[in-house]
Amino acid sequence: TFMQGDSDEKVVYWVAVAPIDQKAALAAGTIDGAITWEPYASDALLSGSAAIYKWSEDIWEDHPCCVVAVDQDYLAENEQIVLRVLKVHQVATDWIYETIQDTSSDNYTKLLDLGAEFSQRNTSVVASSLEHMILTYEITSEFEDWMELITEKYIDLDLIENATLATRGYDSVEDFVDQYVNSSYLAMAEDIEPSEEILNEDDPVRIGYLVGDLHQFARVIAADDTLWGGNKSLFEIYGVATVTSEGGPYANGGAEMDAFATGLVDIGYLGSPPAILKHLNAGVNTLIVGQVNTVGSAIFVDPEITSLEDFYGKTIATPGPSSIQHLMFLDYFTSNGFTVKAK
Amino acid sequence: MDVKGSGKKKERASIFSQWPFNKFGNEEKWQQLFKTLVITIISLVAFLITWWGLSELADTDYLPDPETVFRSFIDTFQIRDPLTGRNMWDNIMASLTRVMWGFALAFATAVPLGLAMGFSKNADDFSKPVVEVFRPIPPIAWAPIMILALGVLLGPIVLVFIGVFFPLLSNVIFGVRSIDPILSDAARTLGAKRSHLFLKVILPSTIPYIMTGIRIGLGIGWMCIVAAEFIAATGGGVGQYIVFKAEVGRYDQVYAGLVVIAILGLLTTELSGYIERRVSKRMGML
Amino acid sequence: MKLTLEKLRKTFPLDEGELVAIENIDLEVESGEFVCLLGPSGCGKTTVLRIIAGLDTPTAGSICLEGKSISGSGSDRGMVFQEFALFPWRTVRKNVEFGMELKRVPKEERHRISQKYIDLVGLDGFENAHPYELSGGMKQRVGIARALANEPEVLLMDEPFGALDAQTRNLMQKELLRIWQETKKTVIFVTHSVDEACFLADRIVIMSARPSTVSEIYEIRWPRPRDRASVEFANLRKQILAKLERMVRIEDDGTQR
Amino acid sequence: MDVKGSGKKKERASIFSQWPFNKFGNEEKWQQLFKTLVITIISLVAFLITWWGLSELADTDYLPDPETVFRSFIDTFQIRDPLTGRNMWDNIMASLTRVMWGFALAFATAVPLGLAMGFSKNADDFSKPVVEVFRPIPPIAWAPIMILALGVLLGPIVLVFIGVFFPLLSNVIFGVRSIDPILSDAARTLGAKRSHLFLKVILPSTIPYIMTGIRIGLGIGWMCIVAAEFIAATGGGVGQYIVFKAEVGRYDQVYAGLVVIAILGLLTTELSGYIERRVSKRMGML
Amino acid sequence: MKLTLEKLRKTFPLDEGELVAIENIDLEVESGEFVCLLGPSGCGKTTVLRIIAGLDTPTAGSICLEGKSISGSGSDRGMVFQEFALFPWRTVRKNVEFGMELKRVPKEERHRISQKYIDLVGLDGFENAHPYELSGGMKQRVGIARALANEPEVLLMDEPFGALDAQTRNLMQKELLRIWQETKKTVIFVTHSVDEACFLADRIVIMSARPSTVSEIYEIRWPRPRDRASVEFANLRKQILAKLERMVRIEDDGTQR
């Protein structure tokens, strides 16, 4: 099935290495390549010591990646706040989209600077990242198809037990995605207008996000208070007080889901697979209410690796088994006849 | 575990062997054994029921019921994990191998250093400051830097090494220093030179202390390897198994991993404790 | 062999100043003589033995064996300790053979000699026992056999029977006399028991309380085995006890707390 | 650390106080002290030079030179970290608070349980099986599940609790069992009833063992808190500081964090060791 | 108070079968009498004392105090242990006051009584010292004061001077006699030292080797203080020693290994 390769030599190994450490691991020779998100793919590429073997869009065309998830209890009591945050997410995403159309504008320079500061990488890395990821918020039917596919793959892999769907009260994978992904809030958010008054002055919404992850650029610029005329952040303009959730920023989506579970995060930016895994396996009471980006990951490798054959016996780093990158890696190599093993 | 010097004491087992309720004849001894057995069983059953009840009551995925955990425990040994291509045996071998390497390294360095530091004041004066600089750092605190600097293979081994090294060193030094001076006096009146003293008096009488150091060190070694494998490891390992499973939310399997760790830790310390007692007895240090 | 202590002095450094353990000791012990050292607790009896054994160095004075000055420990002077001081990880035989092992005596000869002394102290059958399997009296026999097997000229014994109960002690005293008569060693024997000293010694050397000197020497010419219930025995005992008691009284006042 | 029963021994400090080279008069004692001092300094200087040399030679970011580390160490106390808004004092307070809470919980449970298990065979029979099920699991192995189930606040505290609980429990039980039966005999001939025995004999004579358990437990507690903070922490913590810094590649600051951990560990164990010795002395158990 | 032991028997369970520690002991101790128990090692002397103290229960037989059968420990029978058995965390005064604390004697009275007994044993000035600060002899004085302060009818003493050196031991014997004469307690005193028994006792009870019975009773009517050097003293000593030695011989052959 999914894991089976057709020969003993066609083995590729994986090892979990945090994206931030992958470049150094490659340089040190402990890995031969890595699958990772931006800005780490561009960073490795521009450092000159690595080549991009494949951008993720060439593996899974238009695949989804990060999403906005919200704690259901929080949503029930603070729907207005959630809508405003979603609105901000939309505005900021649109702003970035427009800004990158004109790379000579001041805003573009500012954008690069903000990205550099946030990701601790230089601006050319940020620029390259912006070219390789598609920031979006729309929940499309393609997205829902992808979510079904991902869930099915996890069930195939026994990372989600067959019985679990029923335990959570879902009839089928389709039913699960139907309920777990909800585009109606996004639609409602369209109509939100700026507000003079901060709705939740004493109770700022706690936003979770990942360390240095440029997929989640929208939140970064929305939190900046120099871009929007005056000295207010985009959140403040739309009347919400925000704070970085405790323990954040997180190293990966799994950790952020754990923070959701312990009630530290109200709204979070994270990868869709951990949102699925932890919701089904651990009952973390979240809901996916928007997309954040599609594509924008890559396999970078030692430049000597140029073809599939070159991967025989090599070791590839992934951000960890709950990431979409890991799943993509598994799928890509097994469907090309490899046996995938942990190093 | 520290144990106070006991001084000379009459051979009466404990305060309880004298308390009336513990004065048993032979048939009563069997009765008592039977009672202990019954209470033990009651205790374990109560534990399982409590576990079951809690997992039902709490209705959280963080506390699966014992049956589920037991099934996952059995499965992990039989079914290869789709993510890693390993079953639990592979993980156990991986962890054990690391512990053994780290332990071997620590043994090979701590014992000679300890003997030297215990035996020679100059060696002690010279080594102690450096040792004391490193000793208070919990071995696990080294994890991030060691795993980065030495890689996922050597890093965990070095962590185990650090964990085992210090308790072993302390025990060896303590062993050398605990030698009853009267024994070296006796050896000297029998014509022993300094090298004789070292080989024929200090070395043999330190062996039980080395064994104690080994037992304690192995306990800490297990702690270190689990922590190291949490942070990074290649080649599998029970710790790695646990984090991967926690990451994807399969908590039944996380508990199965904990059970494995418990059994492994128990086996190693029981085994080394057994050897320690045998050696102590053989060395006449009862 | 004749042993001569000349103007022996020993001080120990204290945090402030020093402790004069032995002020001045002169003593001659004839070859084959059995000398008992008696004295109040802490007067330096052990120190004297340790200096003779070469385990401590005297601050001043000298020790001569057959006229030759000696320093450092050596196998010509064997010692038997109150605490037995057996190597707990060695069997009885291996304990007795310890000194010979160091001298690289060949295995067969070692075996032969150790067997001889094990037999002498009456421990045959216990050759392969470990010390923890032995009673106190048996342990001390091993200690004596070990010292003898090294064939020293002088045997130094520091309260060897102090830890034994009264009955075992009486037996051991008789055994020791038998062994001494068979091996003809020079023996210096420290004890707290006046009774024991009177029963064993050719001469009893009484040391004064610290800083100590030789206070008095009693020569005992009675034949052996001696009769503890004889009048002369009781008288000598009483005389020495009274002398010691006076010393203890003085010391008690001076040093308690 | 296990220490074999020493039996009665003459008051001669060690095998070395007798060895000729260690026989010093008063002036020589000062000389010796001076020599020790010189060797200690040489040793530390040699250590620093080796460190410096290695860091120059290896030319890796993983081993910054001592000066850099020292400067970072000073800075972390003065400058708030831009990522977390905390300086080192905040992190220390956070870690300390967790250790203290976990410790307090462990103390409040392990001491009564240990007294009961030591004193009553039924309590022992009942509790032991359950205790023995959990004891062999290294406290750190609980980290992933505890932090998930109990959150980033309570989770690390529970880890420290687990780490402290077992050594403390063992020492309390051992303490109760180590009571010289002659003391309870003596109390009984003076008219003591069972409750008297417990309050006036067992409790006081267990105190030094409790102190020993505290010292050992705190050592393990530090290990646990660092590991827990590696995995997850809110509100800062030295362990969290170290992982964050390792993540962003500021290895000089990682080492500064290690130094802080070392100093904290040293302080707690030295302090509890000091109290332990004082209490032991006060309790007449020298 | 008069103490009667009747057909006392005590067995201990072994892995297989049982050990008959005491076969059959009958003994009457008069009020105010000083009785010494002597017997070979392991013959059950300690066991007898522990049964009287109520620390062990007899397998058969009874103990009567002034005709009334007793069981369990109680403050009417005080015990002094060879190992001193002081509470190391308590000062001398607090040790002496232990029994009174249990009885909730008011603080001032406690203080007054403890002071009286501390003075009696000659430890005034050491009230606030801890046991580890005391010498062996001083520790045993505390043990005696502690037992006396509880004002027991019977004082049981198990080799109380066994761990002391010969000189201190002699002093303590004299002190004990003085205290006994002042307080008029009934004393049962276990010792290994024939000398000590002859010096102290009104009657010496010799126990046979295990399984033990009362083998012989010597009544000593000499006035006190007794002269150790007297002929009659020496004769009695010799007689008892010979008897004991015969027992030990027999035992030695039977039980060594």
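Residue numbering begins at 1 within each chain, and the chains themselves are lettered A, B, C, D and E in the order written.
The rule we apply is simple: a contact is a pair of C-beta atoms (placed from the backbone, for glycine too) under 8 Å apart; a residue touches a chain by one contact, two chains touch by 3 or more.
Just so we're clear, the structure is a prediction, and the values are computed from it rather than from any experiment.
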{"item": "Chains touching both chain A and chain D", "value": "B"}
{"item": "Chain whose average C-alpha position is farthest from chain E's own", "value": "A"}
{"item": "Distance from chain E to chain D - Cα centre to Cα centre, in angstrom", "value": "46"}
{"item": "Between chain C and chain A, distance of the C-alpha-averaged centres to the nearest whole Å", "value": "86"}
{"item": "Interface hub residues of chain C, defined as touching at least two other chains", "value": "55, 83"}
{"item": "Shared-contact residues (touching 2 or more other chains) in chain D", "value": "10, 18, 148, 180, 182, 185, 285"}
{"item": "Touching two or more other chains - residue numbers and ranges from chain A", "value": "21, 24, 282"}
{"item": "Contact set on chain A toward chain B in their complex", "value": "2-3, 15-17, 21, 24, 28, 30, 157-159, 252, 254, 257, 277-278, 280-283, 315, 320-322, 330, 339-343"}
{"item": "Chain C partner contacts - residues on chain B that touch it in the complex", "value": "180, 182-183, 185-193, 196, 200-201, 204-205, 207, 282-286"}
{"item": "Of all residues in chain D, those that touch chain B in their complex", "value": "1-10, 12, 14-18, 22, 35-36, 39-40, 42-44, 47, 60, 62-63, 121-122, 125-130, 133-134, 136-145, 148-149, 167, 170-171, 174, 176-182, 184-185, 202, 208-209, 212, 215-216, 219, 222-223, 226-227, 230-231, 239, 242-243, 246, 251, 254-255, 257-258, 261-263, 265-266, 269, 280, 285"}
{"item": "Chain E - residues contacting chain C, complex", "value": "40-41, 125-126, 135, 138, 165-168, 170-171, 192-195, 228-231, 233-235, 237-238, 241, 244-245, 248, 252, 256-257"}
{"item": "Chain E to chain D touching residues, read off their complex", "value": "50, 53-55, 73-75, 77-79, 81, 83, 85-90, 98-99, 101-103, 130-132, 146-147, 150, 156"}
